[in-house]
Amino acid sequence: MAASNGAKKMIQQLLAHVVKEGGFDKNLSKLVILSAGEGKCVASLKVDKEHINRGGALHGGFTATLVDSVTTLAHMTLENGSPGVSVDLSVSYMKAAKTGDEILIRAETLKSGKLLAFLSADIVNKETGVIIAQGKHTKFVG
Amino acid sequence: MAASNGAKKMIQQLLAHVVKEGGFDKNLSKLVILSAGEGKCVASLKVDKEHINRGGALHGGFTATLVDSVTTLAHMTLENGSPGVSVDLSVSYMKAAKTGDEILIRAETLKSGKLLAFLSADIVNKETGVIIAQGKHTKFVG
Amino acid sequence: MAASNGAKKMIQQLLAHVVKEGGFDKNLSKLVILSAGEGKCVASLKVDKEHINRGGALHGGFTATLVDSVTTLAHMTLENGSPGVSVDLSVSYMKAAKTGDEILIRAETLKSGKLLAFLSADIVNKETGVIIAQGKHTKFVG
Amino acid sequence: MAASNGAKKMIQQLLAHVVKEGGFDKNLSKLVILSAGEGKCVASLKVDKEHINRGGALHGGFTATLVDSVTTLAHMTLENGSPGVSVDLSVSYMKAAKTGDEILIRAETLKSGKLLAFLSADIVNKETGVIIAQGKHTKFVG
């Protein structure tokens, strides 16, 4: 519990830091960390205009960014859990999320090895639980 | 040739439009369309602060966004080539690109069917030709 | 329960049928269906010589075949759950399985739509629970 | 040229060897190496009963096996090009191949690094040139 609260604070500070730095991670400014620890991270986001595509739905590139970022945060909750660098990322898109929808991004570490980490995330509608996307993310962490 | 110039203008206008709309596509504001037509699209980008991660390299989420977006533009150059919706996207990350690097995103249509389109893109360093990433993108276009 | 037992028998018979037909599915002759129903299927396999690569470990192509096949069986447990045709398959390989190891293949349906089904599977060591691989499988089922 | 012929012979002998060993690679017994060298490998196969699914088309698991195997052979043509172990494999399925069809599997090395190799392959109908599948394969080669 204590460890997990510590991890949550650490992840929240890290997220705030990268958002403030003004790189591409500024796109995560509305991401809220709900829990973090033991290789997992759960975040929520209220879909807003800045996240959508021309069709009014969560942008596929932003969905991939959420998978990339929240899985990386999940890995960083581990002892010696470095951010690493991406090797492979894949996302399956199952349903649209619209402006105003609250979504949950639930990431976990499937395996954290000496050189490679294997992470996954699903994105669901917070209210209905319906799945929006699922992603896998392989990182080099050596 | 004429057709291809028409396609290039159409794609440039479309890109300008979605960037201006203020959704997630505003991240593409510095993307330059070099050529477009016959299911293909080549774009270039000078990597800037807004595209990078905490490590100073092209952000994996933005790389995925480039694959997503430029393959979609490639498909839209086809007659009846709708933007469709993403089904699956995967990206392999081979080398970092740094601030100031010029990169080329070269997208093509592998197959455009009645219901599904299969697209791919590679991203290379414009000066050296070294490959930075490769991606595949499957869209529902029915 | 009754429904699930019915589904299990149906899946077992289907598997026996395709193995007997002598196509590529004959490679699944040692696959054992443990449970099936409600879009899920769990199977086990004792890794034998016919499943391994030159390095003595579960062959990556066979691992992909297991993901492909057991997710398809999972989808067929659904009412109107057709086998469909593959659109995208991806597998992450986390750990080797060796001859004599018992592995579990646990597949589930993430979403079954009118046109597309999204399925996933993980493969674990039956004794230790350690994850060996994870896969995603998108099928056209319209 | 000489080097490439040497590479082709080496790859042919290697393939013959793994097929004979009786592991899962025996499924490749009808694969013919057409060329090999400089990180590339082109092979052909006449689709036969042993390669197909219940629907009479090239089995998705076998397609993945072809991508896995021919990309690995492509990498082994490089100096110090080890077979490595699979990290991620993804395949997009675009069109069925039927019994009697001749297919070409064309694999290449996108990047061969100290630790990771990135490979890709497409599979086309030999007569018509129509694309059947495309795959990516990331291997750990350290």
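By written order: A, B, C and D. Residues from 1 in each chain.
One rule holds in what follows: contacts are C-beta pairs under 8 Å (C-beta built on N, C-alpha and C of every residue); 3 or more make two chains touch, one makes a residue touch a chain.
The model shown is predicted, which means the values in this text are computed figures rather than measured ones.
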item: Pair exhibiting more inter-chain C-beta contacts, B-C or A-C; value: A-C
item: Chain whose Cα centroid lies at the greatest distance from that of subunit B; value: C
item: Centroid distance [mean C-alpha coordinates] between subunit D and subunit C, Å; value: 23
item: Distance from the mean Cα position of subunit C to that of subunit B, given in whole angstrom; value: 35
item: Chain centre separation in whole Å, for subunit C relative to subunit A (CA means); value: 28
item: Residues of subunit A whose C-beta touches two or more other chains; value: 87-88, 90, 92, 136, 138
item: Chain contact graph, described as a line, ring, star, complete graph or other shape; value: complete
item: Subunit D residues touching subunit B - in the complex, by the definition given at the top; value: 88, 90, 92, 94-95, 110-111, 113, 118, 120, 122, 131, 134, 136, 138
item: Residues on subunit D engaged by subunit C in the complex (per definition of touch); value: 17-18, 21-27, 49-55, 57, 59-62, 64-66, 68-69, 83, 85-93, 96
item: Interfacial residue positions of subunit D with respect to subunit A in the complex; value: 87-88, 90, 115-116, 138, 140, 142
